[in-house]
Amino acid sequence: MSSLSKELGSWRTPNVASFAVALALFAVSSLIAMSGPRYDVTLLVTVGLSAVAAMGLTLLLIAGQVSLGQAAFMAVGAYVSAILARDHGFPAVLALFAGVATSAVCGAIVGGITLRLKGHFLPLATLAMGMACSAAIVAAGPVTGGASGFGQIPPLSFGRFELVDDRAFAIVVWSIVAVAAGGFSRLLSTRTGRAIAALKTDIEMAGVFGVNATRLRLLVFVVAATLAGLSGGLYAFYFKFISPAPFGLTSSINLLIACIFGGMSHPFGAVLGASAVTALEMFLQNTVARMLGLSGNVEMIVFGVVLIGVLLRWPGGIWSALHRAWPVFSTPRPARNIELTPSKRGVEGDDLLSVRGIGKKFGGLTALHDVSFSVGADQIVGLIGPNGAGKSTTFNIATGLTEPSEGRVRLMGAPPPSRVSDLVHRGVSRTFQHVRIIPERTVLENVAFGGYAQGRSGMIAGMFGLDQAEEAATFAKAWRALEIVELDGLAHEPASRLAMGQARLVEVARALISRPRLLLLDEPAAGLRTGEKLKLVTLLHRLKRAGTSVLLVEHDMDLVMNCVDQVVVLDRGHGLMTGLPDEVRRDERVIAAYLGT
Amino acid sequence: MPDLRVSDLNVGYGRATVIEALDLDVKSGELVTVLGANGAGKSTLLNGIMGLCRPRAGSVTLDGVDLAGLRPEQLVARGVVLVPERRELFGNLPVEVNLRLGGYRTGAPAKALDRIYELFPILAERRRQKAATLSGGEQQMLAVGRALMAAPRLLMLDEPSIGLAPLIVQEILLVIGQLKSEGLTIILVEQNARLALSVADRGYVLEVGRIVLQGSSAELSADPRLSQAYLGGASDYAAARDQVYVD
Amino acid sequence: MLDTLLFLVADGITNGAVYGLLALSLIVVYTVTRVVNIAQGEYVTLGALSFASALSGTFSVLSAIVAAGLAAFALKDVADRRLTGTMRVRIVLSRALWIFIVLATAWLANLLPGSYWLAVLASLVAIASLGTLIYRLTVEPVSGASPIVLLIVSVGVYMVLHGTAVLIWGAEPRSVPPVVEGGVELGPVFVTYQSLWICASSLVAMIALYLFSERTLTGQALQATAVNRTGAQLCGIPVGVAGQLSFAIGAGFSALSGLLLAPLITANYDMGLPIGLKGFVAAALGGIVEYPTALVGVLLVGLTESFSAFQVSAYRDVVVYLMVIPILLWRNAVRPPETHGH
């Protein structure tokens, strides 16, 4: 399929990449800090502070949330630190800590309130919140100095050591940048990182695999606010003067532009983006403005044009263009293969899925009535019926997504679990009607995400490398799953480049990683070409042979009739018949149901 | 009255390919029906012709003029009108406004509106009611009426019988028959094959994106392969299945 | 006590009238194009500033820019190879007429400084036309994108328009004389004629929009595009033109509110965003789709503003901005905005 089926050297892991990134950032910045002219050092600090805040915003964007108020959290960090340090005698470091903590708390509050907002309501809420913050700072003049600003902020000191040297400050700032960038870079390739990416792609899908979307979103929001608060606090202690101006809407927009430049998908991109924005700003101020004798408004116009242009032309940001040249850092294939045999649950001989007399009413409408069938061990069952027959409803009832109005469902001998993510623990896995994989991640990472519910490591473990054993196990299983569906050659391909048939097989692999005994496939052949369907049929029978049963809903009659052991036909909400493919195909009632009368 | 020719058409959404290498033509004054099970690609075909979905390959020509790249509103100006599966009515606007908007391009004279009320008397009764308050069958009639206000030369209907009671379906079919007798060229996409073949001159049967059968409606009705197209019968997959158990 | 109350109410209603025009602008634009236009307030600024210029007889750079933009698009449209000869002629003639109107009104206003109605006409024509240009440049190319992308693009437009306003008119605020000086006693309250003029004009504009939307086929076509874009296309309604029209109406209404407001608060480059945001609060109350509820919202915002200016003055703006959050939460629960599909 592509030239990327090369084997990775064992050193090309995300750990190495993150560490290298962090080290490089620190090295370059230290060089500039120590040997560059004074002006450049200030610039370096500015870029570094921007980068910290931008990294927080990038994390939010990766989770699919757009914030137009990131600078407001910087303001909180800046003002709280400054006020406590100057007017309340707090030691500077403590004041900084308090400032960051306050930002975090504000992040939690704002995040909690705005969690449920969908679509463009979230950016609007953050926009309003940001403007309220600026207005509040101005209004609280006596405490904050209002529009004229707050000055004479004491320097940042650790005990008796005062950080007054610009160069030293720059190194401190960039150490933070390096650690944050390295940590987040690593985080993104681990369990929590995959979950964050899944949030953006499809919250429902993420939930099915066990992600607590609410908690994770809140966590990301708090982290973003914390980073912004840290940036703001350091800003206060460096420039020793703050006002509402650098923390207003324009700054929030500039941060967003930096992230968009950087590609919205990686902390490294945020650093690049922050540098690019600052460079552009410098260029405009020095060159263009002087040439045309114009003031800072040209800047605004140009930034606006650039923002519009980039969004129109490259929705993926500049980083996505660079990304193609960036080598792949991913988990290499393990030397030893593990087996993904279906876990043996339930007593032998019992039905894995049993549906008796189920019915479903939606308001006054009876969607289903008296439908019964079962799926036993080592069986492939197909669920068919004309449009509107009730296949999706039946499917959702079987997996516990919908409650039946009447009747009984037994999944592995017990009623369907109340939480969809518990399906995995029962040895049951399902796929979706529309492909729901994470386009920005590699095929291997997408499959690995299927193991989320069985993992444990969180954000801290992910950032600082405490999850090596668990990740190794997860990826070993992912490799094996890919081998089963014969797509291991595509492991390091970005999922967005897959053809439909391959994407569907990746979804199956993702479902296999939890070693299910029963696999529920929702229209697995939709949109596939003939060759891809042949592969699907072969795969399903290999799974059956290895001990996994399959229930599939499908429209492609050729495929169903030649693939399944048993056919269940629905028509207008009730079961028409159950039988062998040949019987069903010849049955008068079935023909009438499909062809009409 | 136009001749429509579809050549080697390939239409898909995102990664998925829905119809492949499709050839079809409709002569002036004919009523051609496109049949097939759900998911066969019938709606996609009409959407591709109508410009709602850009084809990836192939061409659609009307009287020899290539329709590629034209937007739906431009096609309406050329007399190609679609009654979509979901009807796409303006729910909160009254019936009469819906109809008048159908005639937006043609600058509908009052006569055209009267004609629609003649065909569908129930719409005249409900002319001031909001479209969303109408029953399913009435909404379908409104959708057809709105399409007719555009004075089409080629009318395409996507599953007009879906979800409707048999009596209403009969009514609508009568109207379609009447339009045909007045010389309107019609493409009728339907899942209910028997019904469609009872009014059509010719038919094409789609199965998973390809034409597997075509002929006059008499030929198709009698053809045993018709039910195969809906319920499967080819044996390609048997080999793929059996090879797993060989060892 | 009653005096103060009535005064605040009168003040609130006047503010509300202005925000009402803004809210309507946002609603028309959003319903037809799905763009939450962060830049809407900038049309207020541009309206006020170009009105001030036209009134004082200075040459209108903005009108010239707009005319140039229209000409550029006209050339692009005429170059379409699929057009027949007659269609080409029609396009050339109609665009030429449009450009002529933009330039002629600006020139006349230039020639006759102090003429109120000419200045109004010149600025409204120019800004409404600007709206269509912005639509064609920044919305039409990405019409399939998610509302978030459209929103961020509108942020970019905000930046461009804001910078342009300062570039053309500088940072100095311009004072604009009211339509008629003086006022009248209504019971215990003194109401300026300008305030009455604002309320009356807003009311007339809203009624005109209502009649247009409900009674004319074009207006109904606009509504139809907002309700069901696909359905509108299938009726042969040119949805691109509908988008341009909605932007023109939005820009025009906002410009109107700007030139009405100018005598009260002086025209300056920074007036746009706060007004835009407050108009948004009002519109959000109606979920950005319903006119009647938006008008309630508008009154609410106007009244809140005057009352909190009175009670808590410094925190007035904070209160108004924070009002957005509960409104959004409520609206989100009632009818959440579409998330871009999988």
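Lettered A, B and C in written order, each chain numbered from 1.
We take it that a contact is a pair of C-beta atoms (placed from the backbone, for glycine too) under 8 Å apart; a residue touches a chain by one contact, two chains touch by 3 or more.
No experiment lies behind these values; they were computed from the predicted model shown.
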{"item": "Chain nearest the overall C-alpha centroid of the shown protein atoms", "value": "A"}
{"item": "Pair of chains joined by more contacts [C-beta pairs], A-B or A-C", "value": "A-C"}
{"item": "Rounded Å distance between subunit A and subunit B, as computed from the means of their C-alpha atoms", "value": "40"}
{"item": "Chain centre separation (subunit A, subunit C; CA means) in Å", "value": "38"}
{"item": "Overlap residues in subunit A, where contacts from two or more other chains coincide", "value": "435"}
{"item": "Residue numbers on subunit A that touch subunit C, as the complex places them", "value": "66, 68, 113-114, 116-121, 123-125, 127-129, 131-132, 135-136, 138-141, 201-202, 249, 253, 256, 260, 294-295, 297-301, 303-308, 311-312, 315, 434-436"}
{"item": "Subunit C residues touching subunit A - in the complex, by the definition given at the top", "value": "36, 38, 137-138, 141-142, 145-153, 155-164, 166-167, 273-274, 277, 280-281, 284, 314-315, 317-318, 321-322, 324-325, 328-329, 331-333, 336-340, 342"}
{"item": "In the complex with subunit C, residue positions of subunit B that touch it", "value": "50, 52, 70-73, 76-77, 81-82, 84, 87-93, 97, 100-102, 104-106, 146-147, 150"}
{"item": "Complex contact set, residues of subunit B against subunit A", "value": "12-18, 20, 37-40, 162-163, 191-195, 207-208, 226-227, 230-238, 240-241, 243-245"}
{"item": "Residues of subunit C touching subunit B in the complex", "value": "82, 217, 220-221, 223-224, 227-228, 230-239"}
